[in-house]
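Step one of this worksheet: look at the structure below.
Labels A, B, C, D, E and F are assigned to the chains in the order they are written; within every chain, residues are numbered from 1.
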Amino acid sequence: MVRAEIKQIARDIRTMRIRGAGRIARAAARALKIAAKTSRAKTSTEFMRGLGHVSELLLATRPTAISLPNTIRYVMLDAKRAREVDVQTLRRSVISRADEFIRGSKGAVEQIGEIGARRISDGDVVLTHCNSDCALAIIKAAFKQGKHIQTFVTESRPMRQGLISVRELRKVGIPTTLIVDSAVRHFIRDIDKIIVGADSIAANGAVVNKIGTSQIALIAHEARVLFFVAAESYKFHPGTLVGRLVEIEERPPKEIINPRRFPGLKIRNPVFDVTPPEYIDLIITERGIIPPSAAYTVIQQLFEWKLGEEKI
Amino acid sequence: MVRAEIKQIARDIRTMRIRGAGRIARAAARALKIAAKTSRAKTSTEFMRGLGHVSELLLATRPTAISLPNTIRYVMLDAKRAREVDVQTLRRSVISRADEFIRGSKGAVEQIGEIGARRISDGDVVLTHCNSDCALAIIKAAFKQGKHIQTFVTESRPMRQGLISVRELRKVGIPTTLIVDSAVRHFIRDIDKIIVGADSIAANGAVVNKIGTSQIALIAHEARVLFFVAAESYKFHPGTLVGRLVEIEERPPKEIINPRRFPGLKIRNPVFDVTPPEYIDLIITERGIIPPSAAYTVIQQLFEWKLGEEKI
Amino acid sequence: MVRAEIKQIARDIRTMRIRGAGRIARAAARALKIAAKTSRAKTSTEFMRGLGHVSELLLATRPTAISLPNTIRYVMLDAKRAREVDVQTLRRSVISRADEFIRGSKGAVEQIGEIGARRISDGDVVLTHCNSDCALAIIKAAFKQGKHIQTFVTESRPMRQGLISVRELRKVGIPTTLIVDSAVRHFIRDIDKIIVGADSIAANGAVVNKIGTSQIALIAHEARVLFFVAAESYKFHPGTLVGRLVEIEERPPKEIINPRRFPGLKIRNPVFDVTPPEYIDLIITERGIIPPSAAYTVIQQLFEWKLGEEKI
Amino acid sequence: MVRAEIKQIARDIRTMRIRGAGRIARAAARALKIAAKTSRAKTSTEFMRGLGHVSELLLATRPTAISLPNTIRYVMLDAKRAREVDVQTLRRSVISRADEFIRGSKGAVEQIGEIGARRISDGDVVLTHCNSDCALAIIKAAFKQGKHIQTFVTESRPMRQGLISVRELRKVGIPTTLIVDSAVRHFIRDIDKIIVGADSIAANGAVVNKIGTSQIALIAHEARVLFFVAAESYKFHPGTLVGRLVEIEERPPKEIINPRRFPGLKIRNPVFDVTPPEYIDLIITERGIIPPSAAYTVIQQLFEWKLGEEKI
Amino acid sequence: MVRAEIKQIARDIRTMRIRGAGRIARAAARALKIAAKTSRAKTSTEFMRGLGHVSELLLATRPTAISLPNTIRYVMLDAKRAREVDVQTLRRSVISRADEFIRGSKGAVEQIGEIGARRISDGDVVLTHCNSDCALAIIKAAFKQGKHIQTFVTESRPMRQGLISVRELRKVGIPTTLIVDSAVRHFIRDIDKIIVGADSIAANGAVVNKIGTSQIALIAHEARVLFFVAAESYKFHPGTLVGRLVEIEERPPKEIINPRRFPGLKIRNPVFDVTPPEYIDLIITERGIIPPSAAYTVIQQLFEWKLGEEKI
Amino acid sequence: MVRAEIKQIARDIRTMRIRGAGRIARAAARALKIAAKTSRAKTSTEFMRGLGHVSELLLATRPTAISLPNTIRYVMLDAKRAREVDVQTLRRSVISRADEFIRGSKGAVEQIGEIGARRISDGDVVLTHCNSDCALAIIKAAFKQGKHIQTFVTESRPMRQGLISVRELRKVGIPTTLIVDSAVRHFIRDIDKIIVGADSIAANGAVVNKIGTSQIALIAHEARVLFFVAAESYKFHPGTLVGRLVEIEERPPKEIINPRRFPGLKIRNPVFDVTPPEYIDLIITERGIIPPSAAYTVIQQLFEWKLGEEKI
């Protein structure tokens, strides 16, 4: 039986109370840690079965973000590989890797800020879309270094997470302008660089991110404005090496309008879209800066995957 | 002194209670007609001065839509050209041209529907942005001809006029899907044609229309989806022949968010943008179908303008 | 009752024994002349009804080429405009305009050769597709002027009219290379210019021509090889000014393979495609050289059409 | 002295009785196996010399397909590396590696079908060119999974291998439409995905395949239709790592027309062309899905090649 | 016999002491005026023959600039059309039209400045190439209107006319930066608009101007920086309506280096190149602003040319 | 204290008496060798401190070329890694690695010539910019193989190193044409391939080279002319893996004009620019041919760098 606390985490992810691929990943690690801590399993098999239930519960919350399965894979790796060990050893392993993940994940955002800030010049005007910790970390790091930068933030309908970004940027004093999603092309000549986050990065360098990202990337490409993706390396999607597709989550219509007021109307609410690699200049990770054309080999290295393996 | 009724029309245009270039144009014609009817002028000069005041009042309401000055020009043309005529003759001229304009303007929408429907094929999926009478007229005309068509409509932030379009399309039974402005590129492979309206059309074929239009046109261009502009011929902007720029209106921030909740935040709210001619396939008018490259000669013909004239 | 001779002409056009928009046009003029000559009508009305039948018979043979209705329009123009004249006058008018058309049409090909040859330089390698009198006239005219040119000709499946072009070019001694339709991109770096004919030219400068033309134009555009269309001015399609679409003829599957040997297989055999204006450098006519962006005004001039007229 | 059976295999490859890079590769492996089995060599040196003759005979049949040298390399690898072993050991090695290759090659096609089918969605319309086992394997695998798909097949002049593909697809009941090579752009808006095979894949991701492939890829790129290459991993060309060029085979003119009927005419019949990597979305192999930008590192891995080695 | 003064003008044009299409045009008008004034002809025929000699002398100086023949055409128009008039009348006609041309030409530059300045915004950074009176007129007019603008000027090898532009701009106090021709793309993100002159404008909107112009236009197009051409309307080339090509002048190698120091070296020194219309946003003339797609109809209007006339 | 000889080398690099990334690299190796040879250090620490001074002196000369730090890194590698060794051992290590570097560097140019020549076909017309040993090595190697090739060379303002290339090419008898930098697009249809050198190559495949390179690459891309970069593998910039930017050196204005003659004028003289990877077909190194998309993994391999390391 799954504990209420864990169920609550799963629910919060599903209802987007916990949002953002990084925060979701850390919440999932925390959930597994709680499950490991509180497991009353007598045998290793039982313990692993319990953790398996929790993993499935978590995986079912949001289908697109690869950070969820990657986190679970990371936290459970040693436990899964272990042979003939007792429950206590498994418990310790899960707890310690969960802690390690959470620590690493927070550190990653900081490192991304530091590495990415090298690419922000004094006087730059930077646009960001939606609300990405990694993207904001870069902007803030550059600003802290004394670079005079300004930002444009899109509203990011339907959930308007742009308003959260706007508050975060204003809190540290960065001059910020809010625009509607439709106004990006109108202002593109005023923009020097664009930084967004990522929910999944495929082996061909394509990036799955908040709906609207791909059209901003297209606009940037048209005007030859630099387009950066900022993401922890657990956003890379290993399954794409063997052809798996990233499922695009569609969320309830009511996030857009009250459907009852429009009988007969169809409302489509995909929350992510796919930006092709040719519109992305760089992917900024805590492990360094990766051109989209290197995504394939980077995934090979990150997941120690060999050509032809199906297990991923 | 300007009558309350006329002031109310001007106010309604400014506050967007009267919206859409066609409706604005007809309201302006109506205002001039009222002014002519109710003028107590004793002399022609006095009469013309009064109408001049009304014209200025109307022109000040919205800076971008060329339909306003074009309508006033049309309604006042005979009166302005007249020499040594009495007040009664002027009055009759203004009233009759205002009536003529209103009639013609309504007819134009119908004719555009009929001409444009020739370009809609059975089975087409058509996307429209914002709320344009002309664009909807084409979709409805095609639907009435028995063509099985479907529509996608964008929300059109900040004023969400997409919701009005959605109601109009549903009222006549056309299958309709609502999406946020950011989702256009995600669905573009499902779309066969895009039809939007216009507020001003420049001599080089560029179209000024509701913010977001130019990025939809770019997305259509990338996917080679046909992009049509539907507009009455009084949307052509004669001043662009001699280099005048179309001013892009910026409206109050509060249309996007309550600025008081975000102190220090800059909010930009341009309501139009410029779509370059290379992203437009056809301009559908009541006078026929015009490729953007022909805008220059069409304006010459419409305004009987000769190479080198400054008066426009 | 329509004469056997005329029926034979119609049949020959339908079965492509008479091929090529120019030859079809002259055959149609000839058919009308025969009809006029041999009409036994007693009254003008009767005479016109007879010619009307012949016109319809001819129009039904091939749906795409605009040269057919344009020819009929030209030959019948005076007769149609005439009011209260006797049969003899009508007869004379039709015969004389048919003769005039045939003479003009032949002269046009020559003039196109002459004008177009100005654009062929010594040493040029020119590719042509299918079998166009106008395109070949330019190549031959340039060759006769002593320019050392070579040609590439595509096979032009399914009817392989490229083999006819190849014979015509070899007959006058022009070095010629035959390739399959699929090999155009492979050889494009060896080509300096491409010249093709046209069946219909739309108001936006788009050209309807033999299937395969549009992909050759795309290949030329990619490699920035000049792409010329050679066509008599009666290939311009006036109906496109008011939005009419050019119907693309599909011919019998058996022109590709014997369908009986492949039961259940669908075979599509469109004989034309549409080349968009942005891939066309120049349209070479007997009236001068026309950039595709000028097609709109050229059609206005050719058909003496005024903005807003529906009659076309 | 080379046995008749082996000579026949070589002849069949040269005359295209054995066609398709995969079938050629397996035939070559079979030829080497026969040679090994039937060799009467007394010494290892003699044995290797004999096999060397057979290798050269095979290599001379078709210059473009890299599968030939890659197969020979694979089959002979252990024998070549062996030092001081007897004839019997060499014989066994060649036979066993030839068997292994043939088995692996057949399995590869199946795996490609399975992996590639992940990228085919229900309702997709897929176009294929020429006759590729790998491409058809994907289409059939998707169809067997119950996805409702349709196919377009090009005739593929001059040898018309499209007709073979058409038969294979119809045999399993897939709705199929045949078109001429020139009609691809005309139908491109009806196509969702394109899948073709490959004869050689270069280190920069460029693909050498049946003439016409590169212009189909260009057309797909223009319309942003996905373009997939399906190929076993022995189609990668290691020599391109150090700059070697892939030779493009030209076959006899008579495959196009009877040259005697066209004296003086030059006929060019290249059977392959080169598709640049920017027009290819994915390369689907039995080892996983490879973006063209990863071809370089994949070849390094497949051939265990280190930066700077010339031996390849 | 041609007077020394006239010969000197011709020599100055040839040796580029008189440079720039506008200055050349005015010098030619002056030369014809002198010829008319000083002619000792007794008969009209003799007078016209003399002026004909002068015309030919002038036409031979520079082959590319259409302003030369256009000027001569303009100055001689009435004299050529005149029938049976005496020498004195011809003389007066030539003198008066020459004066008119010179006056108009100077006025044109001013009007271009005024019209073009409407397109320069406060804060713009404008790049210009070579030394064009019209381009500089626009920049200066905008600066005089109080707009804070800056300029980049290219060196413009081989004759380095950029240094002349630099002096003119500095003289009126405009902040100016000099760069080599190779550095345009490096600085393009700092540039808002580009303005160049023209030597000839073709019927398809292509512009012949100083060597290097077309690559700057390409760079602007890539970065979507606005590219304007500023030119008097006598730069339009009527002969291009009927297919005539603009000859590109090649000047002596010694303008680049001393050829004697590099025996065996070939040196090519074309002084103009052709910018295609798709890279040009607007052509700014004294008659208004013309999109390149309208060049065809503008030439028709300027030269009162009718479809099909060869005389041009 | 640094020896005069070493100071002179540093000065010669700074003043561009020693030019070209390869020559600079070898000069730096020579300087370190001299420093090692003549060091009077008593202790290892003292020795390393001395060599450290020399390294910094050399690094300060030119900021852009990565060959400088890469050379120093290479020469000092063993000495830096050594623990507890005496001065003599350090000295020997530095001298031997310096010799090795110089030998390898010269050999690299030759190997590049050989590998690159595989990509030059008989009859090719090759354009080169500035003066690159590696680019010229390829052209000369192909010429020596008996291929009939011709070259175009740009002047390469401001330092006009094109004149040096021209002399080198003429010395071996290759037909050569000199043009100004502005004339590249005018002649592009005559060019088959372009080969340039490199000063730094970034992890995303972007190439930093002589100012003007990026616009030539753009022109090549527009016309689909092959664009090759020839460079020794020590031109790859490892720091770009973690986001470091390549600094673009700006040299004194007087290289362009005498600034005193133009008071108030700003002169910008960047000597390098950045060519994006999408305009580069191949990078030809002594280690093989590398597509720009493989730069990332090639740098990983060359510098034995692992994902996530900061030390570079």
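A few comments on the model shown:
Quick note on the criterion: contacts are C-beta pairs under 8 Å (C-beta built on N, C-alpha and C of every residue); 3 or more make two chains touch, one makes a residue touch a chain.
Note that this is a predicted model, so its numbers are computed, not measured.
Fewest steps needed to get from chain C to chain D, stepping only to touching chains, is 1.
Rounded to whole angstrom units, the spacing between the C-alpha centres of chain A and chain F is 40. Here the CA centre of chain B is 58 Å from the CA centre of chain D. For the pair chain E and chain F, the distance between C-alpha centroids works out to 42 Å. Taken residue by residue, chain A touches two or more other chains at 222, 278, 293-294, 297, whereas all remaining positions touch fewer.
Taken as a contact graph, with one node per protein chain and an edge wherever two chains touch, the assembly fits none of the named shapes, being neither a line, a ring, a star nor a complete graph. By the definition given earlier, chain contacts exist for A-B, A-D, A-E, A-F, B-C, B-D, B-E, C-D, C-E, C-F, D-F, E-F. Residues of chain E touching chain A in their complex: 189, 192, 222-224.
Residues 203-205, 240-245, 277-278, 292-297, 307-309 of chain D are the ones touching chain F in the complex. Those residues of chain C that touch chain E in the shared complex are 115-116, 118-119, 233, 278, 281-282, 284, 286-291, 293-294, 297-298, 301-302.
Those residues of chain D that touch chain C in the shared complex are 155-158, 163, 166-167, 170, 175-187, 210-212, 214-215, 218-219, 222, 248, 256-257, 262-270, 273.
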